[in-house]
Structures are given as structure tokens and as C-alpha cells.
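Got some structures for you, see below.
Each of the next two complexes has subunit A plus one more chain, namely subunit B in the first and subunit C in the second.
And now, the complex of A and B:
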């Protein structure tokens, strides 16, 4: 069962259009919400007049900040973001007031009837300007007097970089820039708040983190956590975009539902979703690397800045992961890394697949190539020579004791791509071609699975499991299916553990009242953490089953085939057929002062190789060929895992080549998919090979680690380095649009 | 609000209603509906012509093909005569939008929308095609190049609609060329595009026609380059002159897709590249 390509239990429903997403649901008497939003980047709200809104015949109620029954915050990490702007608006699109109407069209019309007068304040939009001491203060509260907008500053100090660079034969320095990336999930943000008896509130919605939503709604309504129940609806993609934002969406719907005492639906249209919800942080990364003549890395010094937007939301966590991943999967004795996230008058950035790591990966992998070039060492070889192995120390001085497959990914990717032969072919093609150039790019990454040393309290998960009277198994977990295939993988794990056929096991939709807080469905942790909770539950249930079987004189080896008989005995004898499983991540630690520690309990690895062809006349770059090799420990379902890798390759290719949101004075200039371009099937390499090396993790379910984010992390730099190779020119800024590429041809 | 929809059953019914205030013709809706939703257009009366049989025909009349305004792009792609005689149009339409858009979008609609990036305008300009405009006063024919008056502006008068496009069949010796630059390989609006019909023998250019999209307020022919190149042999100096003339022929803008500079350079380089191709067969 483990590794098998079983049919996804949700496949048929989704193909038939029968899966019910949040906008497909309705409740009796349900109202439709709309959000009245700020239209300026930074201003004092002088007057908020909703009289005309209220007069709209279909509007039932409006709501402003001063009516909020609990605290006016969207609880994520630091509670600096209000649910509704009160006095000051800090980014274009910030919610200021709410309305609920009998139908959606009326709700959207009524929004336009609000009158808001502003006294505009000086605003700042890019991170470097925002760091200047005389920049207008965006952050609440101001961080420091000297740098009011410095949300977070974190660092790693290992060894002595001066000594490390002194030992180097070659030093290369670079500066790398990336912009926004939009999640572009199929299903936009949405939630329905349903008042329940006894003052309780239920939230139905599209989300990754039901327990974040529960906490946020309880806080804004001033309710005990036990009176907020969160039910995740079929979720059409998330990619991190539904980590923190659903808390805001649910809070807004819940406030109206509380006031109207009726169910309220709030669903964003695409434009509202793109303009007002989180994105990948724009970045500037400065990177200095030193290596000996044989390619051995001696030191790195990294300084990177992320534009966080107006509120912190997840930025501290995103920055921390960037910090932990800035060194790459390499042995480096001397490390100095500084990361900062900065407040600006722009939409708050948040989680996006890779979570602060893709930006620094673009830098560390570009640096590796430049070292290789300067030293005359093959690019694959320099990675091979520096790759972490068991017994090595990471940039945070974590000693790796098991499950380190990065070297195998490099070697296998090289073999599958026929690296050396292909390099020769590319050179031959380039020598013969007048107007086109081919290039090869390679990118190796490591990924800390789970939430790591900055938030170890989140790495837990529960599972509820019961043996039904017919011998089938019902399971509830607290991590969600968002398209990635978690339900399938967890069912396979349960099936294997219990020796019960796959189709006799059913995972219930996630409902926060069924299981304890299981942490968020992020950080590529779902299969591992909920998998472990299921294994824990399965062990307990099997023990009980064995006891009953023994009593029934059923030999152990006949238990699977006679489970129905045993289940009947549970039923007839009033035996408890339900168990709870629990999982905790292995211990992690991290020292804030030095940045050292056992940052994550285990790491996943990958190496991608891309071949591109560039049209020198137009600057168009086309991905022709792709090889992706991953170490995520045991692969629970090869087909789903390959699909996840292929999707990540596409998303990374988009990040490198085409995805871009220009911003003018805090206004995002792409409002839909006409101007925000994501790759189509034609943009994906016709030949994509996906393979796995399974360096098993002893504490993972059947040796599994995590996979979800890693494909995107590795793919974009394989593509951008291939373009750099084709052009024989520096490539330091995303996206590599035809215009930018043609500008580098010269 | 106050919006009416009428599916017309005849050209007469269309003409009667087209004079009414706020009336607009709806066919595929791939541009119109988008603009209505964003508030750019708010017609009071929508006249749906998508099922008028007279507008859905592809007819071969002597040395010309007449294409009804409501023929969809997908229907054109499937048409035998178009595939045989207008391969350039096939090349271009197969890159327009995506299958879903082409199933609804029409040749007439693409022209009436008058986007500087209208893909199908490029081949029609190269074919020296005409549009047939019908109004209550009767019918008139106009060269496609005179039909476009600016971004979103056409020569259609009030009460007139585009009935058909008339394409003179090009000399089969003219080989088609089309390059559309987008930010991705499909479902993309042209940053710039160059189309050509080219008849060469060795390095001698018997005839060349060039047209470009997204580099001027309307899709345009590059006449000065054509005049310079027709009947000439391709030489290094001709290539450089063509590059220069192409550069001078366009008047692009900066927008969210690309800069004016890039557009100017890339059109000039594509023209040069086309002639270089003659030397490197």
C-alpha cells in the first residue's frame, strides 16, 4: 500500500464537479458580505459615512471597527493587523468597514455607496526606502527609533567569516532581486459564518489552518475557543495563500454574522483576491561566497531584505525560514547571515510555497555557478563536492545524523539528464546556431520539514480513529486536503498500519471540534505529522482489536480477513471502538543570539536540472527539458508525489520567467489573469522526468519526510541558471521576461 | 441595469434595433462581456448576432474568400478552404487566446474590438483584406487598414455593423511568417507581433509584405520596409536599412507588458531576422 498509486478518494467528485467548495454552499437565511476597503496607501480616516450604504434596500447591516465585540485584531503571530482599519489605513485595499446584503450583487453595489474622507499621510513602498530613519512609520508599534519599519531582524553567526574568506582562493559577490508572486489558486478566498446555539459560531471555509481560524475568530468575537467550530470545505488550492488570509476572511464574515444573527457568506472575486491578499515577499539578497581552488566552500556572508507589507502577519516566520535556508544544502564552516523584514504601505505578504526560501535559493545557487565558473569546475561537480552528508554540520551547527539524500539527488539527476553529454550537445547546438542559444541549469536545495525551532509548539497533530460496527474505519485529522493529496496519503498510511483495505477507510472533512489543535497544514508537514498521529492511533486500536480477537479465538493472521466479526463483537459487548492518536515533532532548538541550533528535526532535498532555449532575437526563453530528483524519504504515493513535483516545477518556472506584479505607489498593477500570467501546459517542458531517492527518516511514517514545497524551491533556479548559461550573462532579477532577457543578450 | 438582450433573427431586425440608443452588437462576447463586467462599456441593448446564418458562412467567390463576421475562430481553423489557401491565418488563429476563447471568439469581433494587439488583424492586413460594413443606408467596403482608427476605434458609423471580411486569395508563392511575442506560449496577448508574406528566389525578394501588432495605435503594415525591399537582393546593407526603417515605422507605448523601447527594437530585429533567414536557408 505504501508507494502504491491508488485512486484519490476525492478524484471522481472533483472531476464531476460534485465536490462542494465554499461558494457552492448555502445556509437558510444566508446573507452576502462585501468589504469596504481603503483606496489610498497611508492615511488618517477622517470621516466614514455609511448612511447611503444602510439605505440600500437590500442591505441588512453594516459594521465598523468600533462595534467589534472582541479585540480588533487578526490573530496570526504578533496581533498587529486589525480586522478593520481604525483611524489609520496602511495599504490600498485594507478593510475599513463591512456590509451584509440579501444578495451578492446588491452587496457589491452597496460598497460603492460608502463615503470615506482621508487625510493622506506620507507613504513608503519599497523595503530599502522604508529602512531609512526618516521614512514614514508604517509599523505598529514602531520597531526602533532608528528603524521604525524594521519588523524583524534575525541572524546566524557560525565560525569566523573573515577567516573563512581569507582561506578562499576565489570570492564572488552578487545581488539578487525577486518580486511578488501570486498564489493563483483555482478557488479564491471565502468563508461562511454560521451562528450556532448558545452564542457559538461555526465557520465553513477554504483554508489550510482550521485552528488558526478558530483562534482568530474567537479573539475578534470575544468568544471562548470552545465556542468556535471550524469546518474546512473542499479547498481548491492554497500554496500558502490560505495559511493566514482565511483567518481575516473568517473574522470579517463572523463579525457580520454576529451582528446580523444570520449566516453570512464572504467570497472574494479574483480581482479582490489578487489585490488584497498575501503574496510572496519581494526580496533583495546580497550574497558573498568564498571557495578554495578545489571548490570547497569556506565562507558565506548573506544580507537579505524582504518587503513584508503593512502588517507582520507571517513575516517573522517567513524570514526565519529564509534565514535557515540561505546557506543551501552545503557544508560551510564560516557563516554570517542577516535577514530583515520591513514594513511598507503595501498589501501584507505572507506564506507561499517555499516560505521565504526561494528568494535566497535563487541567490545561493547562482553563487555556486559563479564559483564553479571562476574555478573552472563543472557546476554539478562543485555541488557534489560540497553537498551535506550524514555526520556533517549545517549552517546552524546542526549535526545531521540520518536521512541526508542530497548527494544522491545530485548524482541521480546528473545521470538522468546525461549531464556531461548534454553539456556537449548544448555547446554544439550553440556553435551551430545563429539566433538561438541553449543552456543547462542545475539547482540543489534542502528543506527543513515542519515548523522548526522558531515555533516548535506548532509541530503536533492529533487523529481520531474508530472501528465501525462493520469493520470499516473512520478517521478524523486536523490537517487538510487542499488538492495536494493528503487524504489519499493518510488513508494509505492507515490502510498499511491497520491491514484494512484502502476503500474501507474514510477520512472525515476536517472539523476543529473532532480533534485537538493539530497545527497548520503548512511546512510540508501534513503527511508526516498526521501520518504519525494515525500510526499512533492505529497502534492503540490494533492492540484493542488483538485483545478482542484473542477472546474470540481468532488467530492473529486471520484478523484482517475477520475484522467485521471482531467489530461486531466490539458493538455487541459495548467495547470502546475509538482511539486518539497524537504526534509530536522530534525536539528542535534555536538560539536567537547566534542563530545556531537544531533548526528542524529532518530535511528534505532535491536537485533539478533544466534545459532552456532562448530566442536571441526576441528574448523569449523556453523550457525544453526537465529532470527533478527528490529525497523526501519514503514516498507514500508515487503518482501523487510526481504530480506534486510537476506542479512545483510549473510554479517555479512561472516565478523565474513570467510571474510579476508591478506596483506603483502601493497599487498593484495586475488585477487578473490577463495581466498576471502563470504558465500554461505549453510552457511546461515536453519532457519532464521525476524521480526519487528515498533516504528514509526513522521517525517519519514508514520513513517519510515532507515534499510539498520542495519542487517549487528547486525548479525556478534550475530554469534561471539555464537562461544564464544560455546567455553567458548574469541573471540577477526575476522574472526573466523576454524584455529582460533580450536586454542581457547584447 | 436597464440592460436588454435581444437575439436577432435577421439582418433586418438587427438594423432596425442597431439605431436605438445604447445598442451594441454581441457575438462571441470574449471582449465585450469582459469590458461590461469591468464597467468600461455599459450597453443598454445587446443585439446577439451569433446565430444569424448569413453571418456564419465561409464562401469562396472567385479569387476571394468571404468570411461572415460571426464565424468563430475555431470554425476558421477547421475550414478546409482556409487551411488550404490561407495558411497564415491558420498559424495566427491557432495562437489566438485558447481553445475556449476561439470556440466563442469571432473574426468580426476581433476586428471590431480594434485592439492594437488584435492577432487576426495582422494576416488580414497582409492579405489586403476588406471589411464589408452594412447599415440601413446600404453596404460599403473598406480596406482593413482603413477600418482601424485607433485603440478601440473603428470606421463603423452609428447604425452600421461589420457583416463580413473579404480576403483576396494571396499568390501561393508567398510564404507565411508569423511571430507573436507573449509572456508565455499560449493564452497571451501579444507584446509585439510580426507577420509577413514573402516570395523569394535565392536572395532575390520578389515580394514581401510585413505587418505588425502591438507596436502602434492600430495594427499596421510596414510599407516603407516593403518598398525598400521589394525586387531587391538581400544584402547586409539591405538588412540594416530594413531594421532601421522598421524601427521608424512603429510608435509603440510603454505598458504593463513591455516597454516601448523593447517593442521598437524587437520589431526591428524580427524584420532583420526575417531577411537574414533568406541568406541562411
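And now, the complex of A and C:
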């Protein structure tokens, strides 16, 4: 069953158009919410007049910050973000007031009837200006580590970089810039709040982290956690964009439902979604690397700054992952890394597939190529020579004791791409061509699976498992299906562990009242953590099944085929047929001061190779061919896994070549997919090869690690380095739009 | 205003609001398989067949559907089972979150009813108006190729 091809149970409803996403659901008497938002980047709210809104015949109620029954915060990490701006608005689009109406059209019309008067305050929009000592403080002061606007500073200090650079034969330095990337999940954010008996509140919504939503709603309503129940609806893509934002959406819907005492639906339209919800942090990364003549890395010094936007939300965690991934999958004796996240009057940035790592990966992989070039070493070879192996130490001095497949990914990718032969072909093509040039790019990455040493308390997961009287199995877990195929992978794991056929097992969507807090569905941890919880539950259930089988004189090897008989016996004899499983991440430890320690319990790896062709006259780069090789330990389902990789490649391609949102004085200059272009089928390589090397992880379910985020992390730099190779020019800023490409040719 | 139209082979007489789009009308009438991804004609999630051709229903006024035939994703499967395009999407792993799936399947059905042996370039062209953020499109191309083969076999019988 592990590694087998099975039909996704959730896909049948989806292909028939019968899957129910949040906007497809309705409850009796349900109202429709709309959000009244700030229109200036930084201001005191002098007057908020909702009289005309209330007079709208279809409006049932409005709600402002001072009516909030609990605390006016959206709980994520540090509680600086209010559910509704109270006195100060800090970014364009920040929620200020709410309304609920009988229908959605009226709700959207009534928003325009609100009058808000502001006293504008000085604002800053980019991280470097915000860090300057004379910048106005734009963050909630208590949320900053240092005035005026430094949210967080984190560092790694290993060895002595001065000594490391002294040992180097070549040193290269570079500065790299990336802008906003929008998740562009096809289904926008949405939630329905449904008041339940006895003052309780249920939330239905599209999300990755039901337990974050539960905590946030309890806090804003002033309810005990036990009175908030969160049910995940079919989720139309997330990619990190539904990690923290659904907490805000659910809080807003819940506040109105609490006030109106009726169900309330809040669904964002595309423009509202793209303008007001989190994105990938714009970044500036300064990188200095040193290597010996044979390519061996001696030292790196990295300083990077992320524009966090107006509130912290997930930025501390994003920054930390950026820090942990800034060195790449390489052996480096001397390491100095500093990362900072900074408050500005822009939309809060948050989680996005890769979670703070793609920005630093763009830098570390570009640096590797530049070292190779300076030293006259092949680009694949320099990665091979520095790749981490079992027994090596990471940048945080973590000794790797097992499951390190990066070298195999480099070698296999090289073989599948026919690296050397292809390099020659590309050179021959370029020699013969005037207006078109080809290039090859290679990128290797490592990824710490799970939440790591900064938030070890989140790495847990529960599973509830029940033997039904007919021998079928019901399972509930706390991590979500969002398209990645978790339901399928977990059902396969349960099927293997219990020796019960795949189609006799049903895994229900998450309902927070059925399982303990299982942490978020992020960090590529779903399969591993919930998989382990299922294994734990399965072991307990099997034990009970064996005891009953013995009693019925059913031999062990006949248990699977006679499970129904055994289940009947459970039922007739009043035996307990339900078990709970639990999983805890392996221990991690990490020291704030030095940044050293066992940052993650295990790492996944990948190497991607891309071939591009650039039209020098138009500046357009197109990806022609792609090879992706991953080490994610055991692959539970190859079709799902390759699908994750192919999707990640496309998102990375978008990040490198086309996705960007210009920002002018805090205003995002886009309205949706007309101006924010994401890859279409025309942008996809003619040939994409996906392969796996399975360096098994002993503590993972059947040896599995994690996969979800890694493909995006590796792909964008394979593409951008291929463009750099084609142009023979430095490529330091994303996206590599036609204008930018033309600029670097000229 | 009242319009008469056929939705998935059922004759419907429906009251429509001024300015209402076909997307809004269909969803209001319970055809929730028709998805809204943008509302601006950019994503294809709302695609339906209008007199046999795929259109983005968010760009079509409901009034324009008067007297015409609409097929939504819900109308593709019959008693015998899924449409070959649906079956191939399912088997090939072309569905992840599934939000783009109804529109993508409709676009593919339109393509295959008008071109029984499309080249890969034509397949790409045929679904180039449908955004998918999850799959990277690779498996959708494969699925459509398989559906082409199977529908070809069926036609030979």
C-alpha cells in the first residue's frame, strides 16, 4: 500500500463538481458580511460614522472595535494585530468596521456608505527606510525589538568568519532582491460562523490551521476554547496563505455572528483577497562567500532584511526559517548570518511555501554559481563537493546522523538532465544563434521538516481511530487536506498499518472537537506527524483486535479477511472499539544567542535543473525543460508526490520570471489576475522529469520525511540561474520580467 | 425578467436580476460546481458549456442565456459513469485542491468535442485560459491525452 497508486478519495467529488467549498455552503438565516477597510497607510481614525450603513434596508448590524466582547487581537504569535483597527490604521486595507446584511450584494454596497475621517501620520513603506533611526515608528511600539521599526533580529554565529575568509582563495559578494509573491490560491479566503447552543461558536472555513482559528476566535469572543469548534471545508489551495489569515477572517465572521445571533458568511472577492491578505516577504539579501581553489567553502557572511508589513503575524517564524536555511545544503566551517524583519505601513506578510527560505536560496545558489565561475569549476561539481553528508555538521552545528540524500539528488539530476552533454549543446546553440540564447540552471536545497527548534511545542499531532461494527475504519486527524493529497497518503498509511483495504477506511475532514490540537498543517509536516499519530493509534487498535481474534480462535493471518466478524464481536460484547494516537516530534534544541543547535529533527533535500531559452529582442524567458530530483525519504504515493513537485516547479517559475506586485506609497498596484500574472499552461516546460531518491528517515512513517514546500524552493533558482547562464550576466532581482531581462542585456 | 434555458438537459424557467451574470444565476440555483476564482474572466474556474462551447460564465450576462443550452460540470457524468475527461483527470492525478477542476474539465470537453485528435500544442492552447495554482498542469495534459485516446477507441466501436 505504501508507494502504491490509488485514486484520491477526495478527487471524485471534486471532478463531479460536488465538493463543497466554503462559499458553496449555507446555513438557515445566514447573513453576509462585508469589511469596512482603511484607505490610507498610516493614520489616526478621527471619526467613524456608520449611520448611513445601518440605515441600508438590508443591513442587519454593524460592529466596531469597541464592541468586541473579548480581546481585540488576532492571535498568531505576538498579539499586535487587532481584529479591527481601533485608533490607528497601519496599512491600506486594514479592517476598521464590519457589517452584516441579508445578501452579499447589499453587504458590498453598504460598505461604501461608511464615512471615516483620518488624521494622516508619517508612513514608511520599505524596510531600509523603516530601519533608519529617524524613521517614524509605525509598528505597535511594544511589538518591536528595537525602535523605530525592528520587529525581530536573529543570528547564527559559528566559527570565525574572519579566519574563514582568510583561508579562501576567492571571495564573492552579492546583493539580491525579491518582491511580493501572492499565493493566488484559486479559492479566496472565507469563513462561516455559526452560533451553537449555550453560547458556543462553530467556524466552517477554508484553512490550514484549524487550531490557530480555534484559539483566535476564542480570544476575540472571550470564550473558553471548548466552546469554539472549527470545521475545515474543502480547501481550494493554500500554500501558506491559509496559515494565519483564516484566523482573521474567522474572527471577523464570528464577531458579527455573535452580535447578530445568526450565522454569518464572509468570503473575500479576488481583489479584496489580493490587496489585503498576506504575501511572501519582499527581501534584500547581502551575501559574501569564500571558497578554496578546489571549491571547498570556507565561510559565509549573510545579512538579510524582510519587509514584514504592519503587524508581526508570522514574521518571527518566517525570519527564523530564513535564518536556518541561509547556508544551503553545504558544509561550511565558518558562518555568520543575521536576519531582520521590519515593520512598514504595508499589508502584513506571512507564510508562503518555503516560508522565508526562497529568498535566501536565491542568494546562496547564485553565490555558488559565481564561485564556480571564478574558480573555473563546473556548477554541478562545486555543489557535489560541498554537499552535506551523514556525519557532517550543518550551519547550526547540527550533526546529521541519517537520511541525507542531497548528494544523490545532485548526481541523479545531473544524470537525468545529461548535464555535461546538455551544457555543450546549449553552448553550440548559443554560438549559432543571434537573437535567442539558451541557459542551464541548477539549484540544490535543504529543508528542515516540521516546525523546528523555535516552536517545538507545535510539533505534535493526534489521531482518533474507530473500528465500526462492520469492520470499516473511521479516522479523524488534526491536519488538513488542502489539495496536497494528505487524505490519500494518510489513508494509505492506515491501510498498511492495519492491513485493512484502502476503501474500507474513511478519513473525515478536520473538526477541532474530535482530535486534540495537532499543530498547524504547515512546514511539510502533515504526512509525517499525522502519519505517526495514525501508526500509534493503529498499533493500539491492532492489539485489541488481536486479543478478540484470539478469543474467537481466529488465527492471526486470517484477521484481515475476517475483520467484520471480529468487529461484530466488539459490538456484541460491548468492547471499546475506539483509540487515540499521538505523535511528538523528535527533540530539537536551539540557542537564541549563538543560533546553534539541532534546529530540525530531519531535513529533506532536492536538486533541480532547468533549461531556458531567452529571446533577446523581447526579453522573454521560457522554460523548455525541467528535471527535479527529491529526497523526502519514503514516498508514500508517487503520483501525489510528483504532482506536488510539478506544482511547486510552476510556482517557482512564476516567482522567478513573472510574479510581482508593485507598491506605491503603501498601495499594492493590482486588482487580481488581470495584472498579477501566474503561470498558465503556456509557461510550463515541454518536458518535466520528476524523480526521487529515498534516503529513509528512521523516525518517519515508513521512512517518510516531508515534501510539500521543497519543490518551490528549488525550482525558482534553477530557472533564474538558467537565465543568468543564458545572458552571461548577473541576475540579482526578481522577477526576471522581459523589461528586466532586456535591461541586463543592454 | 424571466428567461428559459436548459441546464444539464433540464428545462428551467428562471427569474433573473438585472445585471446578474450567468455565474451568479447558476450558483444561486444550486449549480455549485461552477466556481468563482476571479469574477473578471481571468481564471476559467467558472467555465460552462453554452450551446456546446466553453465560456467564462462570470463574463456572460444571465439574460444572454435565454433560450440556450447550458452544461455545467454537474451535467457531464451520466448513469454509466464519469465523462472520459473526468475519469482521466481522476486517474492521472490531475486534481489537487480541485477548485480549478470543473472549469478545466469543461474546457477540455469543449476542446475534445471539436477536435477529436488534438496535438499537445492544441491541448495547451485549449486550456490556456484555465489557471491552476496546484498542479503545474503536467498531469492535466496527460489526462487529456488519455481521454483523447479513450474517446477515439469509443468512436471506432
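In this text, the second predicted complex is superposed on the first by the 740 of 746 C-alpha atoms of A that agree within 3 Å, B and C clash if a C-alpha of one lies under 4 Å from a C-alpha of the other, contacts with A are read in each partner's own complex, and residues count from 1 in each chain.
We adopt the following convention: a contact is a pair of C-beta atoms (placed from the backbone, for glycine too) under 8 Å apart; a residue touches a chain by one contact, two chains touch by 3 or more.
Quick caveat, the model's predicted, so the values are computed rather than measured.
Student: Give one of first, second, both or neither to describe whether A:236 is in contact with subunit B, with subunit C, with both, or with none.
Tutor: second
Student: Determine, under the contact definition given at the top, whether A:682 touches first (subunit B), second (subunit C), both, or neither.
Tutor: both
Student: Based on the superposed arrangement, let me know which partner A:674 touches: subunit B (first), subunit C (second), both, or neither?
Tutor: In the superposition, A:674 touches subunit B and subunit C alike.
Student: Is A:434 in contact with subunit B, with subunit C, with both, or with neither (first, second, both, neither)?
Tutor: The answer is first: A:434 touches subunit B but not subunit C.
Student: Mind telling me which of the two, subunit B or subunit C, contacts the most residues of subunit A?
Tutor: Greater contact footprint in residues on subunit A: C.
Student: Determine, under the contact definition given at the top, whether A:705 touches first (subunit B), second (subunit C), both, or neither.
Tutor: neither
Student: Quick check for you: in the superposed arrangement, does A:739 touch first (subunit B), second (subunit C), both or neither?
Tutor: A:739: touches subunit B, not subunit C.
Student: Just subunit B (first), just subunit C (second), both, or neither: which does A:618 touch?
Tutor: first
Student: Regarding the shared-chain residue A:158, is it in contact with subunit B (first), subunit C (second), both, or neither?
Tutor: neither
Student: Touch check for A:23: first (subunit B), second (subunit C), both, or neither?
Tutor: second
Student: Touching subunit B in one complex and subunit C in the other: list those residues of subunit A.
Tutor: 674, 678-682
Student: Which of the residues in subunit C end up touching subunit A in this complex?
Tutor: 31-40, 42-43, 45, 72-74, 76-77, 82, 86, 89-93, 95-102, 105, 124, 127-141
Student: Of all residues in subunit B, which touch subunit A in the complex?
Tutor: Interface residues on the subunit B side: 98, 179, 181, 183-189, 191, 256-259, 262, 265-266, 269-270, 273, 276, 280.
Student: Flag every residue of subunit A that touches subunit C in the complex, lowest number first.
Tutor: 7-8, 10-21, 23-24, 183-188, 234-239, 269-270, 482-485, 639-640, 642-643, 645-651, 671-674, 678-682, 684, 688
Student: Of all residues in subunit A, which touch subunit B in the complex?
Tutor: Answer in residue numbers: 434-435, 617-620, 622, 657-658, 662, 669-670, 674-675, 677-683, 737-739, 742-743.
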